[in-house]
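After this come two complexes, each holding chain A, first together with chain B and then together with chain C.
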Partner chain A sequence: MAEDAKNKSTYQSRSELKPRAWIADGLRVTFKTLVRTTVHRPNTIQYPFEKLVKPDCYRGRPGIVLEKCIACSKCVRICPNRCIEMVPIESATLGKVKRPQVNVARCMMCGYCAEVCPTNAMIVTPEFELAAYSRSELMFDPFKLQFESKPGYEVCSPMILPSEIKAGKTEMHNKGDMAIKDTVALDAKKCISCSRCEKTCPVGAVKMTETGEINPKTNKPIKKPAFDNEKCVSCEQCVDVCPKSCLSMKEAM
Partner chain B sequence: MMFDYSGLYQFLYSVSSWLLWEVGRILGFIGIDSGNILYPIRQFLVDPQFVYFVALLLTALIYLVAALLFGIQFIWMERKFLGRFMDRRGTSVGFLGFFQNFADAFKVLLKAVITPKDADKRVYQFAIFAILAVSFMLLGLVPWDINWYAVNVPLALLLGLAVFSLAPFALILAGWSSNNKYTLIGGIRGAAQLIAYEVPLLLVVVSVIVMTGTLNFNEMVAWQQGNIILFIPLFIGALTFFIAGVAESERVPFDLPEAEAELVEGWQTEYGSLGWGLVMCADYLRAFIICALFSILFLGGWTGPTFLPGSVWMLAKAALVFFFMIWVRAAMVRIRTDQLLKFCWNRLLPLAVINLAVAVLIKIYAVGGW
Partner chain C sequence: MTEMWVNMGPQHPFNHGLWNLRVKLDGEKVIDAEPVVGYLHRGWEKMVESRDYQQIIPMSDRLCYCSALTWSHVYVGAVEKLMEVEVPERAQWIRVITIEIQRLASHLMWLAAVGTDLGSYTIFLYAMRERELFLDLLTNLTGARMTYNYMRIGGVRNDFPENFERDTLRACDLLEKRIKGEYYQLMDMNSAFRLRTENNGYLSKEDAMNLGVTGPNMRGSNVDFDLRRDDPYEKYDEVDFEVCVEEAGDSFARYRVRMREMLVSIDIIRQGFQKIRAGPVRVKAPRTAPVGTAFYHVEDPRGESLMYVIGDGTNQPYRLKVRSPIFVTVSAAPKMCIGYKMADIPAIMGTVDMCVGETDR
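And then the complex of A and B:
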C-alpha cells in the first residue's frame, strides 16, 4: 500500500513534460508508420477490388463429389448446426440415391462434414462470397453443392487417441485407420435375425451368417449379423435401424 | 476609407459598381426616370455608399466560402495523414479521397435542424453564430501575401488575438444553453483551458513584438526578411506557441472540451445538422489560423525563394505546421484536466517568460538598442 502511494506520487511528479516516454516514443513510432505506409502501402485491402490470396486449405462452404459419396450420412450426424439433410436424388449415372443437401445460410463453415467423410466425398471449397437475395437460394441441393475436388480441399486431420497419449505414443493415425475406428458390438441374445442391418449398410460390411443353431419351430438355421471391421465406416446406420436395440457402437478409446 | 483593403476588394468594388450601374441603366430603359415614383430607388442603387456596402458583402461572402473550403480541405488532410499514421488508407471517395468531405458536408446540410426541448433557444442559436463569427473573422485578419489581405490595421496581431480569445465566451454560452451535463462540463472545461493557455500564448507573442517592434503582420514579415526568421532565436517561444496553439484549437492531446470517451462530443453534443457541421469546419479553421499565425510569427510568412508566389509559401508553411499538429494528434493520448492546467502554469508560463527574457536580451545586445 505504501509502495503504491510512493509509485503514484513519483508518477505524478515526473509525468509532466517528460520528453522520453510518452511524447518521444509515440512521435517516433507514428512517424515510422507514416514513412512505411507512404513509401509502400497501408495495411488495408480494398476488398471488392482486391482480395487476399487464400490458402489451399481455406474452409469455405462445403462441396461434394457425388460419385464418391456412399450416403452414409455421417456428415448429417456431425453437423453442429444441423444444416445437412439427406435428400433423394435421381441422375443418369447414379440412379436413385440419397445425397446430402446443405443449408448454407445456417452453415458455419467448420468443415466437420468433410473431416468425418470416410470417402472424402465431402470437401471444403474456397468459396466464401455466398450472399443471395433469398433464403431458398442458399439451400444448396446435392447438384448445386457439387465442386471439383483437389487434394487441398479434402480434410484429413491426423488423429491420436487419449489412451495412446497416456501410453506415451506420438504416432498419428490417418482417417479410417483400424486403431481409431469405432466398431459395432452385437448383443446376440436380443437379436431377432431381421437382417435390416445388412440391408441398410452402405458399404456391405454386415453379413448374416449362420451360427450353427437351428430354430426349433421352423427347423431353419439361425442367422446373426457378422461385421467386417475393415470395410465398416462407423456410420451407425445399422444401430439406428435395429428394431430391438441390440447393436451399439464401441468407441475406440 | 478607414482601412487599407486588398486587390480583391478593389476588384469586387469595380464589379459591383459596374453591376449596379447596369441595373440603373436597365431601370432607366424601362421608363423609371426623374419624376417617376421609383426614381429614388434607382438613385439609391447607384449611390457610392450602397456600392461600397455591396462590395463589402461580396468580399465577406467570398471569405466565408474560402473559410469553409479551408476547413473541408484541412479535415481531408487530417483524415488522410491520420490514416497513414495508423497504417490505413483514410478517406477514399473520389480523387485521393478528396470528395468524401464534400459528401459529408452535403449530408450534414440535408439533416433536420433540431433544437432540444429544454434548451434556451435564443442563446442556443446565438452561440453557434458567435463561434462561427469569431472563427471566420480570423481568416480576414491573417494576410496571405504582401498584397493579399482583407484588412490591414496597425494593431492587426492584437486584434486577431482579441478575436481569437472571444471563443471561450461562446463556448460557455453554447454549453450552458444546451441544458445538458455533457455540454456544460465541456463548455466550462473549454473556457478554463482557453483562458489558461491564452497567457503563455500572449507572452510569446509579446516576445515577437519586442524583437520586431511592431504589431502589424506585414511589418513583422518585413523585419524577418531583413534580419532572420524568428524561429531560430526564439526557438523556446516557438515551441511554447505551438503547444499553446494546439491547446487553443482544442486538439489532441488537449481536446478535453470534447473528450469523446467522457463527454460524448463536449459542448457540441446537442448541436446537430448544419450547425454542427459549421462548428466542425470552424474548429479546423481555428487550428489552421493558429498554424498561419505560427508561420507569420516564426517562419517568415510569405518569404521564400521566388520561383513560387508568396501566398503559396505561406500556405505551404501553414500546412507544414498543421502536419505537425496531426502528427502530435496521432502520437499522443489525452491528458487529465489537472495535468492540463498544471502543465500550463508550471511549465509553459516559465518557458514563455524565459523566452521573453531571451528576446529582450537579443534585442538589447545583438539587434542594437531600443
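And then the complex of A and C:
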C-alpha cells in the first residue's frame, strides 16, 4: 500500500481548484518576478554592449601559435568536417613552411584539433562572432588564424591505459607522455630503404641507419629507418607515405 | 459538412522543427491524422560510415540540439561495448551527473515550448531562464553551450572544474524551489491550462505499448518502465530513485510525468555527488574496432534511444543504426489526435516533446 502511494502523484483535481486560481495566483507569481528583476538584477543582458563572461575552456574558432606548430598534420587528420588543410606559407621568422589553414565556415567548433595537437600550437579561442559578408573571408589562412595563447585555451585531455587501470593505478597521463604514446613499428622484410619516412617526419624522429648488411648488387650498405620514440609525435605521416606499407602504428594499451 | 485535409506544417507555430501533421477535418473535429517527417533528413547514418570512431562523437551531438549529451553517450556506449573498453568508475559517475543535468535542460526546453504552444508566454520565459543555469554549468564543464563533444570512447573528456559541485547543487536547489512553487502555481493550479490539457490526447496503455512509444510519453499512459531502473547502465543501479508513472494517459499526465522527472533528476544529481570518488576519468581507447556488432540503449529525455553499430575491423563503422524515440512516438499521433478538436492538437503534440533533428537524422 505504501509503495502504491509512493508511485502515484498527488495533485488537486480541477474541480477542487478555487476560483482565484484562474488568474490571481498566477499573477502573484508574475508580479513577484517583476519586482525581483526590476529592483535587483535583470535576467537578460544587453548583448552588443555587454557580453557574457565565458570560461577559459570555451570553444570558439580554432587559433594557432605559428612558432609552436611543427606541421605534423594531426589536426588535418582528426577534423570531422575536413575543414583544415596544410598550406605553404613564407615568413621572415619561419622561412618556407607548411601551416594549417581553417575553413571556419565549415568548422563545427569541436575542439579536436586543439586536443590532439602535440605542441599545443592549435588552441581553442573564445572568439565566436564570426559573421562575414563572403565565404572567402571565412577562409582563415595561417596568419589570420593566429591567436595569443593563454594556458586555459590549450586543451589537454589526460588519459590512463587500460592495463594500468587493471593494475590499480590512478595516475593520468597528459598528451605526449611516453606511456600512452603510439609508436611506429617497422616490418623490415618489406622495406626498400627509400627513406621517404625520414624526409617526411616533421620532428626528425626517423633516421636511416646502416644495418650492417651490404647490398650484393651495388656493394653499398643497406639502410633501414630507426625510430626515436622520445621525439615521435605519432602523426602517422610516415605510415601514409610508405610506398610498400611496411610501417604500422603500434598502440600503447 | 465536407471533409478536408489540412496541412499543419512544415511551417506552423505548433510544430517544433520541420515536420508536417496532415489532419482530416470534419468541421472542427479531427477524423484522421497522418504525420509526415523527412524534411530535415541529412543522411546522418550514411555520413558517419566515412568517419572514424572518434570523429563521430561531435556529429552524434548534432542529432538533437536539446539533449546532445545523451546522444553522444549512447554512441560511445555502443562503441565501448564493441571494443570491450572498460570505463573508470569516476567517469561513469560523471556521465550519470551530466546526463541528468542534460535531462533537466531538455525538459525545461520542452516546458518552454509547451508554454508557447498553449499561449502562456510567462512559462516560456521562466523555463528558459532556468535552463540557462544548467547550460552555463555545462559550458563551464565542456566549453560549449549546446553541442558539447564531451563524451569520449572510454570515459569523458575532462574532470569537473573547480566549484562545479557547489554550483550544480545551488542551481538544483533553485530549480526545485521554482518547480514546487512558481511552476506549480502557474501551470498545475491554472484552470485554463488544465482545461486545455486534461481529457485530451488520450493514449491507452495497450496502444502505447503496441506502437512502441517510450519514455515519459509511455509512463504517462500508466506503463511502469524506465531503462534506468529496468536495464541499468553506468551507475544507475547504485542510485535510488523513483520512476514517475501517471495513470490518466492524457496530455496533462505526460506533463506531470516530465515535471516529476525533473525533481527525480535533481535527486539523482545529489546522490551522484555524494557517491562520486576521485580517480581517472578517461581510458585510452583502441583505434580500430573488432569485427562484430553491439548495441546500447539509454533512457533519453524523450524515450529509449538505441544505437546499433557493426564493426568490420577498420577504424570506421560498417553501419550505424539509430533508433530514435520520437520517430516511433510520432507514429502514435493519429491515435492521440483522432476524435478531438483541431485546437487541441498543439496541446496534444506539444506534450509529446517533438525533436525533428533525431527523427529525420
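The rule is short, and it goes like this: the second predicted complex is superposed on the first by the 215 of 253 C-alpha atoms of A that agree within 3 Å, B and C clash if a C-alpha of one lies under 4 Å from a C-alpha of the other, contacts with A are read in each partner's own complex, and residues count from 1 in each chain.
The rule is simple: a contact is a pair of C-beta atoms (placed from the backbone, for glycine too) under 8 Å apart; a residue touches a chain by one contact, two chains touch by 3 or more.
Predicted model only: the values in this text are computed from it and were never measured.
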Check whether A:Phe143 is in contact with chain B, with chain C, with both or with neither, and answer first, second, both or neither. neither
Which partner reaches more residues of chain A (counting touched residues only), chain B or chain C: C
Mind working out whether A:Cys110 is in touch with chain B, chain C, both or neither, as first, second, both or neither? second
Based on the superposed arrangement, let me know which partner A:Asn43 touches: chain B (first), chain C (second), both, or neither? both
A:Thr33 contacts which: chain B (first), chain C (second), both, neither? both
Intersection of the chain A residues that touch chain B with those that touch chain C: 17, 22, 26, 29-30, 33, 43
Listed in rising order, chain A residues that touch chain B in their complex are 15-17, 22-23, 26-27, 29-31, 33-34, 36-38, 42-44, 46
Can you check the complex and tell me which residues of chain C touch chain A? 51, 54-56, 58-59, 62, 85-86, 88, 122, 126, 129, 132, 139-140, 142-144, 147, 149, 152, 154-155, 157-158, 161, 181-182, 185-186, 188-192, 194-195, 198, 224, 242-247, 256, 260, 278-284, 286-287
Which residues of chain A touch chain C in the complex? 6-9, 11-12, 14, 17, 21-22, 25-26, 28-30, 33, 43, 54-55, 57-59, 78-80, 108-112, 115, 124, 157-162, 165, 170-172, 180, 249, 251-253
Which stretch or stretches of chain B touch chain A in the complex? 81, 83-89, 92, 327-328, 330-333, 339, 342-343, 346-347
